[in-house]
Amino acid sequence: MAASRSGSLDTFPRLLLNHALVRGEQPATREKFLGIWQTWSWSQVAQEVRAIACGLAELGFKRGDNLAIIGDNRPRLYWSMCAAQMLGGVAVPMYQDAVANEMVFVLQDAGIRFVVVEDQEQVDKMLEVKDQCPDLQHILYDDPRGMRHYSQTFLHGLDEVIAGGKIHDANHPDFIPGEIARGQATDVAVMLYTSGTTGKPKGVCQTHETFIAAAQSGVGFDHLTDQEDILSYLPMAWVGDHLFSYAQALVAGFTINCPESGDTVMTDLREIGPTYYFAPPRVFENLLTTVMIRMEDAGTLKRKMFHYFMAVAKRCGAEILDGKPGVSGSDRLLYALGNLLVYGPLRNVLGMSRIRVAYTAGAAIGPDLFRFYRSIGVNLKQLYGSTETCAAVCLQPDREIKFDSVGKPAPGVEVRIADNGEVLVRGKLLLKEYYKRPDATAESIDAEGYFHTGDAGFFDDDGHLKIIDRAKDVGKLANGAMFAPNYVENKLKFFAHIKEAVCFGHDRDMVCAFINVDMGAVGNWAERRNIAYAGYTDLAQKPEVYELIKSCVEEVNADLAHDAMVADSQIHRFLILHKELDPDDDELTRTRKVRRGFVAEKYAVLIEALYTGKGSQFIETLVRFEDGRTSKVAADLKIADAKTLPVMRKAA
Amino acid sequence: MKQIRKLAIAASLAAALTGGLTVPQAFAQAKEQFFPILVYRTGAYAPNGVPWANGFIDYLKLTNAKGGINGIKLAFEECETGYATDRGVECYERLKGKHGGATAVQPLSTGITFALTEKAPGDKIPVITAGYGRSESQNGAVFGWNFPLIGTYWMGADVLVQHIAKKEGGFDKLKGKKIALVYHDSPYGKEPIALLQERAKMHGFDVQLLPVAHPGVEQKATWLQIRQNKPDYVFLWGWGVMNSTSIKEAQATGYPREKMYGVWWSGAEPDVKDVGEGAKGYNALAMQHGAEPNAKVIKDVLGMVHGKGQGTGPKEEVGQVLYMRGLISAMLQVEGVRKAQERYGKGKHITGEQMRWGLENLNLDQKTLDALGFAGVMRPVQTSCLDHMGSAWARVHTWDGKKWSFSSDWYQGDEKVLRPMVMLASGKYADEKKIKPRTPEDCKK
Amino acid sequence: MSGRKIGDVILDLNNISLSFGGVKALQNISFNVMEHEVRAIIGPNGAGKSSMLNVINGVYHPQEGEIIFRGEHRRDMDTHQAAEQGIARTFQNIALFKGMSVLDNIMTGRNLRMKSNLFMQALWIGPARREELEHRQKVEEIIDFLEIQHIRKTPVGRLPYGLQKRVDLARALAMEPEVLLLDEPMAGMNVEEKQDMCRFILDVNDQFGTTIVLIEHDMGVVMDISDRVVVLDYGKKIGDGVPDEVRANPEVISAYLGASH
Amino acid sequence: MLYRENGQFKTSYQADQQIFPIAQDRLGVLLLIAFAFVGVPFLVDEYMFRAILIPFLILSLASLGVNLLVGYCGQITLGAGAFMAVGAYAGYNFLIRVPDMPVLGAILLGGVSAAAVGIVFGVPSLRVRGLYLAVATLAAQFFWDWAFLRIKWFTNDSSSGSVSVANLDVFGVEISSPLSKYLFCLTVLVVLSLAAKNLVRATIGRQWMAIRDMDVAAAVIGIRPMYAKLTAFAVSSFYVGVAGALWGFVHLGSWEPAAFSVDRSFQLLFMVIIGGLGSIMGSFFGAAFIVILPIFLNQILPVFGAIFGVEISTATVSHFEIMIFGSLIVFFLIVEPHGLARLWSTGKEKLRLWPFPH
Amino acid sequence: MSFFIETLLGGLMTGMLYSLVALGFVLIYKASGVFNFAQGAMVLFAALAMARFAEWIPGWLGIESLFLANLIAIVITVGIMFVVAWLVERLALRHLVNQNEATLLMATLGITYVLDGVGQTLFGSDIYKIDVGMPKDPVIMFEALFQGGVLINKEDFIAAAIAAILVAALTLFFQKTPTGRALRAVADDHQAALSVGIPLDRIWVIVWCVAGITALVAGIIWGSKLGVQFSLSTVALRALPVVILGGLTSVPGAIIGGLIIGVGEKISEVYLGPYVGGGIEIWFAYMLALVFLLFRPQGLFGEKIIDRV
């Protein structure tokens, strides 16, 4: 076989065939479809992937071609990636919820000839932009629903492609092994487009070698086995999903589970109960918010019990999980009781009972949020990385969890802090290049081979890396004190009532903030106080809500005042935005990071009003809906002052 | 919140249920003889069930007041059956093990008797059915644990036939006569049918069967039929409210009450009281005793029990017919214990098995009865292993609008008629149940 | 998109008259339905539209007239027979089985195809179990088709109105009918739900070739999706033809369109 | 609270459609059954067996049967007592008239006879519904009450009209001790409950429920009301009939029609409604409630009286017993009209969602 | 022939009592959709109260006159029935609105138990008599017409007259008084009744009161004929076929149905009974109703049910 001939498992197709040999009967992929978890074993998956590869080859897919993948997490879309790699091609997963126009750039940039899409909806998008993408030759669709009357010859049902591929495979049994054998570890395996906080996206080319290395370090680090279950629900185009659901699954040989639909992710999560879990902080945050909201409806007794045991967990839960000494016997007993009454059931309803390791990354996670999950016994850890570094630069080792650090460099990764505080990375996991962007490649990888991450951070005494902010975002207040907006924003965002915050202060004499309230949490809060409201804009401007948010802001100020480094960053004035920041309006990235510059520009009048001491400001904004329609939202925004505390400077 | 409350209620109820069932298990006390009492003080048959129970208990109290049975005090506990078989079985199960074990049980319901007949041999507890139960259980060889003391329905029906024959002037005069049997549609009411049909064959009279459904308040059609057929006599085999209803319907359809004869369960004060004058002339069988306000035992009860404020029921009812029935039933059981003590040790606790011997060897001669205060109330009773009835005497009494008074001499059930029927029926039962009848030798053990 | 072929007449109603007591619900109505077409019945309230559907699937028995279904002439239909011959329907006031889950509701639609005997069912063995599982798969396909996966185990009583209508349709589809009668499938729905329902109806017609007879109030919808329209008013037929013809029919305009708009 | 459902995903329809899809439920029920078979015999005395557990098991079975008809098919019956009687008397006749008839066979044939009678008396359900039907079923009750009293053939010409059976043995094991009776009834109950659960989750069960919930719609999708209703009557009567045979053979040993009077019919309907219409589990709850509550009240009231230093007479106890019993029934119907089973499932749902309230 | 007439009369007499009980069923069912199984228990309760008060009052008040004692007892009993009606509405029915029929039926069975228990506790479980001075002994009439004449109870005629007066009074009440009209309205449409201005709960109390009074009348007649005892509450079971035959919602149906059942029962028992062993009247009444139902599922006067889809 190909794998044995080449002697090493250094490409994904080889890994796949090896699994089919070694653990052929074990489940590789599951998908909830038609009400049950349809399961494919590794050998079945290998067969399917070969068939897809053959089918693609028959259609003319060539070595070096890029295969775009667009759709929700579907088994055959994952398989298509591997099929492309079998043929020496490159998988280019794209964000499925992007509107057609947004896709044009990537399709053009990557010179896509073949695209595999999920369903009619995506097909329609492709048809819409096909004229703008002259290279686009073949569109393959997974779900034939509604496709009966699409007569275009360049449309192919994946079913037919697979069927054809199977015949081809049977007739040319040596074709695929040959193609696999031609594959090199240094071939580009996948191209992930970074959304980039500014400018056009760039295609990050990662080779088999880099991703396998990154996956291996993670697998070894956390002792992952082929028994793990993971729920694949994050966008396939995101590096995180690619690392966890694709690279690590293929390296360790564990099972990926695709949810039935977007509506059922929570249910599916509870059913599967993954042992290995990955989610951006926002997901954890939302979960916690719902937990708190749902608990507020509980009876007094139950609520008291919940809060009592949450206090216990806060006191000793994380320590017990880390196996640290020094937890008193009575606390251990209480925790055991709490585990029965609260933490265990809570993990169960959250779908986290079976989790051995959970990771979060993508944005800094609030320490309290982080602590919450650890204290109820979920081994949640942080990792640090980016698309360019296969999302695997630093990991938090078990039992060495610090809430404000992202852990130690992964095995085989060198991390250095530049003079300006920027984090530099070197190692196997670095990108090969930016696709067709040598300029950008040269800019980010220096002569010594270090990749400039753009993040500011430092190592603490234990060798743990702490990330403060984006390097370019770290600014200075007018008085020269350091200003790390993300740091402050994250503190704000930990409040269940605050969904999003944007802080300003660079080169200014004080820090001010935009706030987005959390519709669910605040709405619920308002209903319980009989405050009537009509939609987000109205709710946001209620004086009661301002009072609520003000108390949150002041709590953050108190917190900040304790720490000399950031004490000057206390928020003096804030306002609550009249609309939610939205990726559709380009205010957030698709991974829901704030586009600070864009926001500052868009809402310049508001910033102006904050700093000129106005009591309110009128604003009108264009809002774009998912389907492309637009409408205007206008409001007179109040601006509130928050109490700040005097800065306590330690005597030197 | 509402849901929680519901759950809490359900949970506490469940806890109470499971906890409660084990609570009232009293501990056996030494030197006590336990008499379980299955009663019905509520429901359709309460008017008749209550006086019986009061008489029964008063006699037990009297016995205790007299120092018990050779020093052994009587313990007793009531359980309400409501005349329902399943409740009766539950009561039996509940009481049979209490206070060192039941001495004997008196179900006061033919239905419960049938059910207990199946259970008693296993538990070795005698079932005393004084004046009711299954007639063939007189045969102690087959029905080892049933004691239809001093009267079965066959014997009762036989006496009634004898009585009307006498009135008519001889059995030969019965030929062509019509007798209607108005009966409670249950095993109880059906018991006399076999004998009546036997006698009808013998003497050539006609028996018309008129069943009345439980509880017996709807008899219009029955009495219309009687009006239509104009029977010479009506035998009434009712219980509870059915009795008074029958008499009222008889009045309404103009059937002469003088021609009506009730069994001994249809001839007590509650049956005629509210009919008053309308019941005048109505006859009923007296199971030896009638209303006995002047008996010595009644005086004792009034003095030693009611006089001390320990009477069970109202004073007026003491000495009435059903009260007496209960009292005598209790007396027979007490005497059974006394007899058993003679053999197994005076002043000792008697088990159910020993009790059976006592009941099988009862020998209450007139002297003993007189001494007990039953002079003029009863005739002697002598049982044996093969005869669990012990006495076949009965007489007839009549309601004069105010009270019951005897209107006939003593009769004795005709052994020649009864014995073959008993043997036949019990034989069939023995076959069915694969019981090997006891021989006289077995009885001596 | 016109991939489907309209076939021959599958259902022909001749001179149907129906009355309750003295009330004449339908008077001498005739029209036909062709295979694979979407046929709409419109008319003001009380025009006898629902009665018409009830006659077609045998809930009501007309006093006069003749029904010709697939060439077979009959006086009237009977519900069981109608179901066996492939006529399914949905109801105006949702007639779901309230005590059952969505899944079970749809499963009942398969009852005619389930043949195992009572004894086997009680023991859950052999054919009974196999049958149950096979039909479950069929039902799941319908659930997937109508995009109601997230509610499959919810008791129907707890569902919002729009979803209940969808389940009602699912149950009818589970019968794999040849003719599907829809009684105001979009009544009481919001715009989005209506759009979804339209899409489903057209998909059904298109994908399974099901002949559809529908009653609908929303004129826009009717004119958009139906091939031919018959108009009833007070139990009488006042118009019949393709949407444009009907729209132009003066009697229809005065009786219906004029009145309601 | 005790549920840990993560990882219990189903990869086949068979796994998804099993009776207890949640592992904890499965375990709980198995433990319960195991406890009933192995644990209970060591814990309870003869009184518990004979006066409470055996009646409870048998009436559970009957109530289960009634629930199939009333709860699942929506046909109210007040004639269940009659079908118990048919089961008991038919079983009796098979036992004594057919040579070498095994006891179990007689009991089952009793059930089959009841089923046949049930079909006949189910015919009115095709024409009438609701309360009218309930009253129509009373016709069966009174007819059979009468028939078993009056037609001597049924009672093998017993002079009293009372019949009895003896020497029960099943597959060579003698059923005479309370324990053996208990285990026998328990086995029958477990087996038949499983069958009932299978029926209600199969196509016939769905047809019943469809008829119950919306009969016109059911007819439109091709369910034949006649078939559905009559099978419901047949199956229900079979269960009730088997229960009747057990009641006669095992519990009473000797019986007369009064054992299956109209009060029994009401009692069974109570069980079903208090327990929960359309719930197998509810049948057991209802039976427990109706069997145990009166006995419990009867025993606890004197104890209460003693606490307050009052001696309560038997009559008063009985009167209070029926008053409290009646009030509790009304109370339960008000608090939870869907029966104890609903409380149970709500409780279960709460435990599954714990610590969340909903 | 004369015997047939006697049977007929007997049947009519029984039927009339059934009618009175059935009337109670119908009144309550019409107004509140509750099938009140407790009607039998109410008859018992009312009769018990009446009997015992009539017995106690002479002792309490020193009244000699039987008439006066009975009158006071009737007034007190009506008061008690009012309290019962109020309590039933307050404690049970009010909380059971919109439950299904079976649940309501069971609730009234629960009320039956409570009434049975309370009645026996307060008034005893013996047999009591109600003596309103009705003549007990029969007379023979029409001897000229038939051989042997026809045996007739004057009591029955008085009872029939009382029943007729009650029915007439009820009719007047329903036709002429505003409350009565509201009650009729509520039977047709609960909303409409609200617009009449009488709150629903009050209507229920009133209708239960009226049912209580019919129960009292039935109790007095029955009790004076046959005595008052616990078993009286089972009369509900005998009256059930009547409502089925007559239709649950029809007052004339209850009356005519009662007479039909009464006559049918007696004739069957007298003429058919002897051939099959007797005791057939109960099930015969049910069978009669059942056979009738098969041809007219909604009863004699009930409204036809049309399935709307």
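Labels for the chains are A, B, C, D and E, by order of writing; each one numbers its residues from 1.
Definition applied: a residue touches a chain if its C-beta (ideal position, glycine included) is under 8 Å from a C-beta of that chain, and two chains touch if they have at least 3 such contacts.
For clarity, every value in this text was computed on a predicted model and none was experimentally measured.
Chains that touch both subunit A and subunit C are the following: D. Ranked by how close its C-alpha mean sits to the mean of all protein C-alpha atoms, the top chain is D. At the far end from subunit E, in terms of centres built from Cα atoms, lies A. Two chain pairs, A-D and C-D, are weighed by contacting C-beta pairs, with C-D ahead. When chain centres are set by their Cα atoms, the one at the greatest distance from subunit B is A.
The distance from the centre of subunit A to the centre of subunit B, with each centre set as the mean of the Cα atoms, comes to 88 Å.
Centres computed as Cα averages put subunit B at a distance of 36 Å from subunit E. Centre to centre, using the average C-alpha position, subunit B and subunit C are separated by 72 Å.
Residue numbers of subunit A whose C-beta contacts span two or more other chains: 35-36, 299. Residue positions 120, 125, 277-279, 282, 307, 309 of subunit E each touch two or more of the other chains. Residue positions of subunit B with contacts to 2 or more other chains are 41-43, 46, 50, 185, 211, 213. Only residues 41-44, 46-47, 50, 185, 209-213, 215-218, 220-222, 224-225, 227-228, 240-241, 244-245, 248-249, 251-254, 270, 273-275, 278 of subunit B touch subunit E when the two sit together in their complex. The residues of subunit C lying in touch with subunit A in their complex are 1, 3, 103, 136-137, 140-141, 143-145, 147, 149-150, 152, 203, 206-207. Within the complex formed with subunit D, the residues of subunit C that make contact are 57, 59, 79-80, 82-84, 88-89, 91, 95-100, 104, 107-112, 114, 116, 118, 121-124, 128-129, 131-133, 136-137, 171-172, 175. Residues 33-36, 145-146, 148-149, 260-261, 263-264, 267 of subunit A touch subunit C in their complex.
Of all residues in subunit D, those touching subunit A in their complex are 1, 3-13, 15-16, 352-358.
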